[in-house]
Amino acid sequence: MTVNVLYFAWVRERIGLPREAVETEAATVSELVEELKTREDRYAAAFADVTALRVALDQELSDFEAPLAGVREIAFFPPMTGG
Amino acid sequence: MTVNVLYFAWVRERIGLPREAVETEAATVSELVEELKTREDRYAAAFADVTALRVALDQELSDFEAPLAGVREIAFFPPMTGG
Amino acid sequence: MAEVRVQADSFDAGAELNRFSEAQAGAGAVVSFTGVVRDVSGGLEAMEIEHYPGMTESAIATIVDESKARWPLTGALVIHRHGRLEPGAQIMMVATASAHRVAAFEAAEFLMDYLKSRAPFWKKEVTREGTGWVAAKDEDEAALTRW
Amino acid sequence: MAEVRVQADSFDAGAELNRFSEAQAGAGAVVSFTGVVRDVSGGLEAMEIEHYPGMTESAIATIVDESKARWPLTGALVIHRHGRLEPGAQIMMVATASAHRVAAFEAAEFLMDYLKSRAPFWKKEVTREGTGWVAAKDEDEAALTRW
């Protein structure tokens, strides 16, 4: 399947782009992260510590063990600092 | 001594005037209240239940056992309902 | 740094908020509270607010000083009206400013709780059926124990 | 009854407060919070606020819906800016209205606590020495346990 992967804040800066289409058969967020980490050093750097990251699936906060079946948009970002 | 006695809200309405000069030798607020109650029925009615009243001495909240020595202004009123 | 106004005239809460905010150098958080006359029963013609001139100002100033001693405020504002107010009219407002949001919120709530029970104002409701003094609520007195 | 705006443009907090208050029939209490860019270190040139278009609006709407389920609000307003903001600029505001003050205060604090940690905004500080992302504070995450 093809998913849109979005990056925000320092995740976007480390990976060097705000979004990309990714072809994957990963069953969960964690599996997708492992795939991305093998791509290039900048991905490995961005995902080195996933406890410092948050993930949203189709624009809703989720977690790294969530299944990806049916998901079209995945976003990775650091903890939010609004307000 | 002569003190200015002020009445507010329903205390003022029951007694029928907002302020008056009172000649008294009362040592405490409670003694002054007892003196006023003997004056007329309207005073007895206003001071029938002092637990429903508050008192301020020279514009500071006080209590019914406070001494009156040196006090120039005494105000009686129900619990406040500001805000 | 602190401003207290007791007045019969109406006020523009938005304009007061902007004026207050602009004067708060270093504040990251500004909280305001506005109290409005509510027509609870559907028959309220007016709320008449009596106060104790002289003591009102000093009692509010004491409450404001206490809030500044408890929280690191860059400023505080209290405006309270007296006289005859119709439903929908603004009765009073409080504004507080601080570096952080928790201090600004807590100080505003503290000011409101103390203004309710410790500032010499008394409210009388005027309805078609007659008039009646608003009784103090136990919950308002109880709210002071929080601080 | 509820209004959420995510925008780059500045806003007039006082005008927004007045407009919001006028629309709140039956509310006796209106609380507002305004967040302002603070120059903590004395060298801040700007705060850059990134957000997640689409998710931002829906995440805030969810938080507002939750506040309306918890407190009897007559209305709620959230405005949050993104983009480059200079010290002294207003970042965001929240307003809540209810019959009574406690509900209005609590709902405003709830909205602020959740906007801090659950709405997809990220702040970056720009100083003469360089730039740096603002780290989330443990105390902001801990604040959510209150609710």
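Just so it is clear, A, B, C and D label the chains in written order, and each chain counts residues from 1 on its own.
By definition in this document, a contact is a pair of C-beta atoms (placed from the backbone, for glycine too) under 8 Å apart; a residue touches a chain by one contact, two chains touch by 3 or more.
Not measured: the values here are computed from a predicted model.
Novice: Chains touching subunit B and subunit D alike, please list them.
Specialist: C
Novice: Leaving subunit D out, group the remaining chains by who still touches whom.
Specialist: Groups after removing subunit D from the contact graph: A | B, C.
Novice: Where the centres are mean C-alpha positions, what is the separation of subunit C from subunit D, in Å?
Specialist: The computed centroid separation for subunit C versus subunit D comes out at 23 Å.
Novice: Report the inter-chain centroid distance for subunit B and subunit C in whole angstrom, where each centroid is the mean of the CA atoms.
Specialist: 26
Novice: Calculate how many whole Å lie between the centre of subunit A and the centre of subunit C, each centre taken as the average of the chain's C-alpha atoms.
Specialist: Centre separation, subunit A to subunit C: 49 Å.
Novice: Roughly how far is subunit A from subunit B, going centre to centre by Cα mean, in whole Å?
Specialist: Taking the average C-alpha coordinate of subunit A and of subunit B, the gap between them is 72 Å.
Novice: Quick check on subunit D: which residues sit in contact with 2+ other chains?
Specialist: Each of 35, 101, 112 in subunit D touches at least two other chains.
Novice: In subunit B, what residues contact two or more other chains?
Specialist: Expected reply: 83.
Novice: Output every touching chain pair, sorted by label.
Specialist: Pairs satisfying the touch definition: A-D, B-C, C-D.
Novice: Residue numbers of subunit C touching subunit B in their complex, please.
Specialist: Per the touch definition, subunit C meets subunit B at residues 35, 50, 52, 54-55, 58-59, 80, 91-92, 112, 115-124, 133-136, 140-141.
Novice: Give the list of subunit C residues in touch with subunit D in this complex.
Specialist: Contact set of subunit C toward subunit D: 12-18, 21, 24, 26-39, 90, 99, 101-102, 104-105, 108-109, 112, 143.
Novice: Under the touch definition given earlier, write down the residues of subunit A that touch subunit D in their complex.
Specialist: Subunit A residues touching subunit D: 6, 8-10, 12, 56, 59-61, 75, 77-83.
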